[in-house]
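Look for chain A in each of the two complexes below; its partner is chain B in the first and chain C in the second.
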Partner chain A sequence: MMKEMVIDKKDIAGLLTELTGEMTVIAPVRKGDNLLFGPVSDGSEAALDSVNTRLAPKDALFPQCEKMMTFTTDRQAEDAHTMQDVSEPDKQVIFGVRPCDAAGFLILDKVFNQGGAEYEDTYYLRRREKTTVVGLGCNKPLSTCFCASFGGSPFGTDGLDILLTDVGDKYVVTVLTDKGEARLKGKSGPSEADPTSIEKAGQIKESAVKSVKAGIATDKIKGKATMELFDDPCWDTLYETCMNCGVCTYSCPTCHCFDIQDEAIDTEGVRMRNWDSCMFSLFTRHGSGHNPRPTKKDRFRQRFLHKFKYFQDNFDTVACVGCGRCIRLCPVNIDVRQVVEEMNR
Partner chain B sequence: MNNPYIPKPVRIEEIITETEDRSLKTFRLAFLNKEDEQAFSYVPGQFAELSIAGKGEIPIGIASSPTEEGYLLFTVNKVGIVTSHLHNMSAGEIMGVRGPLGKPYPINELKGKNVVIIGGGFAFTTLRSTIAYMLANRSEFGKITVIYGARTPGMLLYKEQLKEWEARNDIDLNVTVDKGDESWSGKVGFVPTVTKEVAPSAEDAYALVCGPPIMIKFTQPVLIKLGWTPETIIMSLENRMKCGIGICGRCNVGPKYTCKDGPVFTLAELNELPKEY
Partner chain C sequence: MNHRDTENTEKIKKIAGRLLAEKRVDAVIGFRPGTVSLISAPTVARTEEEAAGLHWDRFCGVNLANYLPKREDKIAIVAKGCDSRSIVGLVAENQIKRENLYIIGIPCTGMIDRAKVISLAESPEVELTENGEEVTIKADGKQSTVALSDILQDNCQGCLHRNPAVFDELVGKKVEEAGGSDINAAVAKVEAMSQDERWNHFDQMFSTCIRCYACRNACPLCYCEQCFADDSQPQWCGKSTNPVDVKIFHIFRAYHCAGRCTDCGACVRACPVGINVRELTGKLEKEVRELFGCEAGMSLEAIPPLGVYLEKDPQEFIK
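Then we have the complex of A and B:
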């Protein structure tokens, strides 16, 4: 299904506030100097007028810290030492998601549901099912944007239920799915689209698509043997400036590694999962002290091979959507585009 | 929706101290709920996450065989937070088991073949499972040869079981120690050396090799020299794990996840992968 509507910009806050009565509303909000996705209680808190958020919205589907289960070690309790699942998450709408980040959700979908009940990640899938994704097209992509390299576009609709296009004082609202339509049903604000706005949206889209630079090629990577890429001398120099700080993994819309830890106060506790990072040496260190990836080079290589080689082998797509966050945030200016260029030689 | 992260409650039925240095104990666990026991259908070579509320989880190979009904055996080395706590627990206490996880030994492929089991140290756990399974289904397998080594007689696992196997004439058991003592009348020598002596034939056979890296490093060339191909040498890897179901990202060896695609791999498969284990 596809349906075009329009909504005045001044009516967006009202629409979001109305939605908060039905479900959790997550949108870009200002926190200090940063723009980050977070829950809003009033639609006016949403900041849709800026470029992309500092961190990807993956936190809404795969929280940085998430309760998995609860337990008690109280000997008097009948269920002592047994794990109890947490309650189901609430319905939510993630509003103002850029098309690259929405494409990132589709990559997470592959990881968290690898087929067969024993490989379905309950926590992610429960949230995913209850989530509506409202996208916001990018009128002015940044110099670090390279979504077009992976079939994306500043107005791509993959992974979205609704796409908004900023045409000045209004948004053109493209309803893409039944879920999207259900969110707008009975809401004040959206009205029938006028031909002028539709035409303007078309022009904006065209110029934005043109402005995304021809990005990076990954076509040769899949054909190379794992060990050929692993032993490539390019890693000997590429990793040198990397500090293994992990900002690339935390800000990435597709990085999904996590740790599981128990936390308890007295007899009451929770089993948590927390984001983890392949940049950290503890990530792989065995109980014996042996570490299969003991050096910075090992860990640097792992991240890029995972995203562009291993993930392609396993899922037939690379685990990068070209959002450019890792390029913008890296303290030592490592550019994923250069690394991939070396890998794809 | 079935939640694969929730451990099923089990009771510790018995704790056996295996080694003289008390670093290895075997835990006999029984499910509290019959339906959990029935759902836990496993094959030798698989592992499970042992869960202790408030401490965490650890991936441990299943040492019992599915032919031993009513309980699970796990032999645990005391190294970290969870294992140290486990070593201090007592029979009767409640903990959790999540699994079975991972790809088992290719038992169906082994059927009708001669099977050579080569193990060292505390990596003998899933090999014990395999031997117990084969002996319970003895007619389905060809000749069974076992080479098992430990540092000292006191460091051998499953001593009672080894005696029982020793007494049988349908299994060729070769137990060796690096260093004997006055009570030891068996073989003395490293596993690769004993493998050379025993010289298991590669004909119509599979070898399951599991042990410390140094043992594996020196045993492989012995087998290759005896005419074994990398396709018939089967190994089991260990890596740090959390989720156990191919998601959390840390146990990968190249594109393969030790937890989901392994822990069992053939040497031929491992030859194509980085040595990140």
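Then we have the complex of A and C:
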């Protein structure tokens, strides 16, 4: 399905507030100097007139820290030593998601929803099912945007239920799925699209698409033998200035590694799943103390081989959507585009 | 793109090229131009050709001393005032041998804070032009002029030692030693708060922390083979973004830097969510400076303040 409507910008806050009565609303909000995705209690808190958020909206589907189960070791308790499920997540709408980040959700889907015979992640899936994704096209992509290299576009609709296009004082609302339609049903604000707005949206889209530089090629990586890439001398210098912090992995819309920890106070405990990062020295350290990736170089290489080689071999797509966050945020200016260029030689 | 300091860039290239040609060193750690505006990238040059790609401007904020611990090769390193003091600390703590180092000292008049510029320009795509004490910022078709001093990193504004404390060769001439602003400004704001206000302030300040450890990993002092935050037996602090665990991590880490921190600002610069970690480390730097009359890394001969007991050490804080 596809249906086009328009909504005045001044009516967006009201629409979001109305939605908060039905479900959790997550949108870009200002926290100090940061623009981050977070829950809003009033639609006016949402900040849509800005460049993309500092961190990806990944946390809304795959929280950085998530309770999986609770337990008690109190022998007097009836459920002693039995894991208890945590409450179901609420229905939610993630509002103002850029097309690259929505494409990132599809990458997460590939990992967490591989079908019953392979792997289905209960925690992710039940949240995913209850989520509606409302996108916001990018009128002015940045020089670090390279979504077009991986089949994306500043107005791409993959992974979205609704796409908004900023045409000045209003948004053109493209309803893409039944879920999207259901969110708008009976809401005040959206009205029939006028031809002028539709035409303007078309022009904006065309100019934005032209401004995104493509050209980050990954085609040769797939054909290379894993060990050839693994042993490539390029890693000896590429990794050198990396500090092995988690900025790139934690700001990334597609990185999805996690660790599981039990946390307990006295007899009451909770099993947590927390994001992990291949940059960290603990990442693959075994219980024995042995670590198959003991050096900075090993860990740096892992990040890029996973994203551009292993993931491509396993899922026929790279685990990068070209959002450019890691380029902007890396404290030492390690640029994924340069690393991929070396890998694809 | 970034406004290059042509004069110093050429001097650094020349020195680095010479050191490599003469085989005085195996590599030169310096900067190359960044791939985006507002940051220059650390790099390791091993050939004369690579040395010709070195660069200097107001975005060379990264403290290169961070790349030194445990190195065995002969290294030349480009060092600002703060970097040179971190190097002294690393030598004192046996993390690197002085004889393996050739310090290319560069007097520094401050590094531009990319977060401040992005916030002013409301865009990360910025073109800066420096004219004396003023900087013109061009972004998104708009242009504005600001005082250079207003967009320097906080720690550069209040810097007390802009000239390298130790060096083998100096790039250019020494500059006025102090940055001119009050080094204690960030701390004074926190000190003025009541205990409750301060706790609430820290709650707010650390609420956006994502535990990426960029502050720790950018810090030249944080070279521990295993950080306490990574210990599992015992586990000193939890791994989640639970507010208590986050604060424990930051406060413990700050204490580990007491008497060692040179206020280089690496932690603040690296943070992806703009946490002013300096409000913690700055307090410790101030206490050590005022109580023990000591500034970390000023001399290779000085014994670190926490490594020595003197009868005249102040004791008023022992209650």
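Just so it is clear, the second predicted complex is superposed on the first by the 342 of 345 C-alpha atoms of A that agree within 3 Å, B and C clash if a C-alpha of one lies under 4 Å from a C-alpha of the other, contacts with A are read in each partner's own complex, and residues count from 1 in each chain.
Assume a contact is a pair of C-beta atoms (placed from the backbone, for glycine too) under 8 Å apart; a residue touches a chain by one contact, two chains touch by 3 or more.
Bear in mind that the values here come from a model prediction, so they are computed numbers and not experimental data.
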item	value
Contacts of A:Gln261 with chain B and chain C, given as first, second, both or neither	both
Which of chain B and chain C A:Lys110 touches, first, second, both or neither	neither
Partner chain(s) touched by A:Met272 [first = chain B, second = chain C, both, neither]	second
Partner chain(s) touched by A:Lys9 [first = chain B, second = chain C, both, neither]	neither
Partner chain in contact with A:Lys297 - chain B first, chain C second, else both or neither	neither
Partner chain(s) touched by A:Thr73 [first = chain B, second = chain C, both, neither]	first
Residues on chain A lying within both footprints (that of chain B and that of chain C)	259, 261
In the complex with chain B, residue positions of chain A that touch it	68-69, 71-73, 80-83, 85, 111-112, 114, 117-123, 125-126, 225-227, 230, 256-262, 264, 269, 271, 276, 278, 283-288, 292-293, 298, 302, 305-306, 309-310, 313-314
Residue numbers on chain C that touch chain A, as the complex places them	34-36, 39-44, 62, 66-67, 115, 119, 122-125, 140, 207-208, 210-214, 216-218, 226, 230, 238-242, 269-270, 272-274
Touch list for chain B against partner chain A, complex	1-7, 9, 51-58, 77, 79-80, 83, 93-96, 238-240, 242-243, 245-255, 260, 272-277
Chain C-touching residues of chain A, taken from the complex the two chains share	31-34, 36, 50-51, 54-55, 64-65, 140, 142-144, 237, 240-241, 243-247, 249-251, 259, 261, 263, 272, 274, 277, 280-282, 327-329, 331-335, 337-338
